[in-house]
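The following blocks contain the structures, represented as structure tokens.
Shared between the two complexes below is chain A, which has chain B as its partner in the first and chain C in the second.
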Partner chain A sequence: MKVLVTVKRVIDYNVKVRVKSDNSGVDLSNVKMAMNPFCEIAVEEAIRLKEAGIATEVVVVSLGVKACQEQLRTALALGADRAILVETEQELESLNVAKLLAKIIEEEQPGMVILGKQAIDTDNNQTGQMLAALTGMAQGTFASKIEVQGDKALVTREVDGGLQTIELSMPIIATTDLRLNEPRYASLPNIMKAKRKPLVVKTPEELGVSIKEHTKLIAVTPPPERKGGIKVANVAELVEKLKNEAKVI
Partner chain B sequence: MSILVIAEHDNESLKSATLNTVTAALAIGADVSVLVAGSQCQSVAEAVAKISGVTTVLVADNAAYEHQLAENMLPLIVELAAGKTHLLAPATTSGKNIMPGVAALLDVAQISEIIRVESVDVFERPIYAGNAIAKVQSLDAVKVLTVRTTAFDEAAQEGSASIEVVASVCDAGKSRFVSEQVAESERPELTSAKIIISGGRGMGNGENFKILEAVADKLGAAVGASRAAVDAGFVSNDMQVGQTGKIVAPDLYIAVGISGAIQHLAGMKDSKVIVAINKDEEAPIFSIADYGLVADLFEAVPELTELL
Partner chain C sequence: MSVYQHPYKDVDFVIRHLLEFDAFCQDKGLDEVNADFANVVLSEAAKFAAKNLVEQNQQGDIHPAKLVDGKVVETPGFGEAYRNFVEQGWPSLSAAEEFGGQGLPNLLSVAANEIWQSANMAFALCPMLGQSAIAALENHGSEQLKAQYLEKLISGQWTGTMNLTESAAGTDLAAIKTRAVADEGHYKIFGQKIFITWGDHQMAENIVHLVLARLPDAPAGVKGISLFVVPKYLLDESGNPGIENDVRCLSLEHKMGIHGSPTCVMSYGDNEGAIGYLVGEPHCGLRYMFSMMNHARQGVGVQGLGISERAFQGALEYAAQRVQGSDKSGNSIRIIQFGDVRRMLLMMKSGTEAIRALCYFTGFEDDKKAAATSEQQPAIAAKVAFLTPIVKGWSTELAQELVSLAMQVYGGAGYIEEAGVAQHVRDARILPIYEGTTGIQALDLTLRKTLFDKAAQATLFIEDVQRTVDELDSLDGAGDLQSALSSALDDARAALVWLAKNPQQADSIAANNLQLWGYLLGGWLMAKSSIAAQQQLDQGAGDSEYLNAKKVTCQFYSEHFLVRTKACIASIEAGSDAIMSLSEQQFFSHVN
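After this line comes the complex of A and B, so read on.
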């Protein structure tokens, strides 16, 4: 079975986000970029499936600017076999990404596609579900466990209030939640080896997808600031304040 | 404007997230229908009929909808979307599971987790874990939205909408519900609790969460945790409050042994009153807390239980 896994290049999760003074967006100049944490979990899961003998090949895909090759090389160093970059300078909304990925799926015919449940920049949590709808594949979102059993997959999902297990007919689309696995680090020899693994660049035009604008970003502003309050001396004062000042207990 | 809200329920009772979502819908327009898709869910339909402002309740009652599997829900919602200008669902795991697929089939965008309705096509939503707020205009004919429930009040329940039966049944046959492990608790759910007490890495281990539970029992509160506490294996992930966990905004949030990583703040900073108990007076959590107590939590928390 071939496993397709996607990675998104995003601002590193340790970087403090600053809104540009003209409110046109978030300042991304000279900030550290990295693979989206949920995508790291997706890559790890694909590699584990290969190590377990379930996956035969792991293909990693990214979409966006040329620099996304860095994140693809990282995924190759972690153990993916080959990479595809759909290169474009255009801003890609989730639906555009899903349409482009649907074309790649048509070409590659994977048995499973694994995506991060959301990217930590736009926080959309959409692409996997859109891709499932467009391809007609069954979806296991927010997965904390994926078990392949012949032509079925058992996916345990992190839902509000607990865990839900569903059985899906293969091929499937899974999106990762935090507890699916703990991603490994790439070793230096593997980073060197990754430089020689195949990386193919395609364009949206080659895939026959025209990028359509569905939303317009009007402004990006910092969130309202929350001011710190006071320090209380002891528990008794805290209880007194909560009862008589804040009136919440 | 003609708006359809997807109700969240467990076939027996309506989840309050639906009430917040109806409030968001009413901020867009007055013609609000609500879809209740489930199995033997008549009691839910009756509860929805009482939500003030709802004109019509559409009930799709069939075994295929019992667990609201995306593969079965999508064709149903797409069919009912005909003539609608807006489709809304709460940004719960269920709403997030279903709505993007609906949007894709309608060839429109989804605007996720809206926190404000500016006009019929302009909405605000948090990005970068709430470190920025984006104002977004939809250019599509149909707007598919998920609603961050903590940003909207619950709609009143004094209405009397008509109930209509939806006959169409879709069982795609691609997915099957197997089992559910619901964390059983006498305490309220995190996302609907009025008071939450959460523990962080400072709790030391899972056993120590018992002292938080004692406070929770006195206050009728829910117990939460930071990602650090979940990652350390102290407690299960469904207790996680934060960017990658649950987004909460209770009347009172008590953070115990939580340093206040951006990740955590993103999930609770809209709480009305925040209390922080931490022995490190430099902990970032104090910069957003209304009441800070610099103390050893293992002394302060039992004392708090005593005094409540």
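After this line comes the complex of A and C, so read on.
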């Protein structure tokens, strides 16, 4: 079984995020970028499936600027077999990404597609679901466990009330939650091997997908700065303030 | 808990723009090794360190290794960290591919070592000494010894130690008393060694001790010392660790710092004699040791770099958060806003960046040497030989000042152990002492590397620096930097003139000579960095915030460190009159 994994290049989670002064977005110039943590979990799961003899090949896909190659190389160093970059300078919304991925799936015919449930930059949590709709594949989102049994897969999902296990017919789309696994580090010998692994670059045009703008980003504003607290004299004053000032009760 | 983040932008700048690593790789046809690839390797190394080494550093300080029933038990957590380190392949980074190494350039090894040393110096000493043991066997061991030991040392499955010092033989190795006696195809070793770093532990399956000892027919002095491999466990027929050798750790030293690194008194041959195997030819041990000395001493310089960076980051974080006092309009002030705190932070920033430039520059020369023709090699070797005592002596002395400044930024809180900076101050203090004290480095530079070749190598560096002074003509706003570098260069020239006239006083002025060269070459590389940063800015490439900060940092260096060459030359020119004029009684005359 071939497993396809998506990898997104995002701002490194250690970086203190700065909003551009004109509120047009987050300042990404010259900040450290890294693989989205949920995507790291997706890559790890695919590699574990390969190590368990269930997957035969792990293909990683990223979409975006040329520099996304860095994250693909990281995925290759972690153990993926080959990489595909859909290169574009344009901003990609979730639906654009899903449409491009659907084309890649058509070409690659994977038995399983694993995506991060969301990316830590835009927090959309949409691409996996959209991709399932576009491809007609079964979806198991927020997975904390994936078990392949022949032509079925059992996916344990993290839902509000606890855990839900569903049985899906292969091929499937899974999106990863935090507790699915703990990603490994790339070992030095694997970093060396990754240099020679194939990385193919495609364009949206080659895939026959035109990138459309469905949403408009109006403004990005940083959260208000925390103000110092005050002391209240008694419970009555506290309740009064919670009611009338904070308006939370 | 003190923080650490890999200073990847400065590292990348040094590798890519100051040293022009890509041009070298292209020229040498290295297979897809370049600055981008260096970034990939180093960012993974940094991730590994963050998870396995950074927090464990304080554990090493609080829970030193212990001697339990004759065995050294390392700091809790170190064993797991070490096994992960080996599993991830990090010990093999620059080792020969023939024996399972990855064969990457030494420059990358220096950059990775910086990470290990910043993250956890006590831990990182173990693989660092392993590298020396590997070099000894690789360069001088028989084919059989190589086949038996190299692969497992390179993978890190076994660790290596260096056994030189005895209680009466420290700086003067001629006084070594440990004996080796031929016995059925091997040797039996008898004697005691002290200050053996990571001499015993339970992290690896075997420990390969490299031991200096005398054969019965050995000539007296340094020409009668041989080098032996003495494994903790003798190898069985299939080459695996078998029965225990007659080697044990007698006790552990109680040290000021690097508590996580067990410093052992090792006893060889308490019973029937420890079985050892001769490395190379008899009586050549010291020469073999010296062939590795450059590498080991540069490694200690990188330790000075690593600990300075770590201490700086902690102080910076603290200064940016600590609120003290308020301005005229009543707004509270964080101490990073005060001029004197900014001065201290810039001392650390510029000092550390200059040390980094010098360590990486020197490490890269090794790669150039390895890639050079045999005709070119001696010239590069001479260059490295000149730089090595400066990397070791100057970097580690400056590191003392920088970690001390870090503590100063914390104020009283820094003197309290919980802040974490006290550990860095204690840990750093060993660096100007081991692998040859600063005094030894200063003599090495001044006698062996300067007087012996009639200042030939020193003159080449003076020409290099002069070229950079001239280049600064074309850099806008670099007038002050240029005159500071030019003036420091004059001081170096004056030192050479004075030294040529007063060679018999070399001993007394060597320390100042070493410092003068350190500040000069640090300033030279900072000036080159400033030029490279401006080139990037002119091209509209790179991170302008970082590049402009680099230029200011270089300027600050010239104003606060480069000027120290003036004090050095004044002391040098004062000569040894005062130094040698007191009688020993006069030293005691204030108390007697």
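One rule holds in what follows: the second predicted complex is superposed on the first by the 228 of 249 C-alpha atoms of A that agree within 3 Å, B and C clash if a C-alpha of one lies under 4 Å from a C-alpha of the other, contacts with A are read in each partner's own complex, and residues count from 1 in each chain.
One rule holds for everything that comes next: contacts are C-beta pairs under 8 Å (C-beta built on N, C-alpha and C of every residue); 3 or more make two chains touch, one makes a residue touch a chain.
No experiment lies behind these values; they were computed from the predicted model shown.
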item	value
When chain B and chain C are modelled together on chain A, clash or fit	fit
Touching partner for A:32 - first (chain B), second (chain C), both, neither	second
Partner chain(s) touched by A:200 [first = chain B, second = chain C, both, neither]	neither
Contacts of A:70 with chain B and chain C, given as first, second, both or neither	second
Winner by number of chain A residues touched, once chain B and chain C are compared	B
Touching partner for A:242 - first (chain B), second (chain C), both, neither	first
Vertex chain A angle, Cα centres of chain C and chain B, expressed to the nearest 10 degrees	120
First (chain B), second (chain C), both or neither touched by A:11	first
Touching partner for A:186 - first (chain B), second (chain C), both, neither	second
After superposition on chain A, the shortest CA separation from chain B to chain C (Å)	9
Contact residues common to both interfaces of chain A (with chain B and with chain C)	none
Residue ranges of chain B in contact with chain A within the complex	67, 69-71, 74, 92-94, 96-105, 107-113, 122, 126-140, 173-183, 189, 191, 195, 219, 227, 230, 237-238, 240, 243-244, 246, 251-252, 262-263, 269, 272-275, 281, 286-295, 300, 303-304, 307-308
Partner chain B, residues of chain A touching it in the complex	11, 13, 16-17, 19, 26, 93-95, 98, 120-134, 137-139, 141-142, 144, 154, 157-169, 177-179, 213-223, 226-232, 234-236, 238-239, 241-242, 246, 248-249
List of chain A residues in touch with chain C within their complex	14, 29-30, 32, 70, 73-74, 77, 185-192, 195-196
Of chain C, residues touching chain A in the complex	5, 8, 31-32, 36-37, 39-41, 44, 47-48, 51, 87-90, 92-93, 102, 542-546
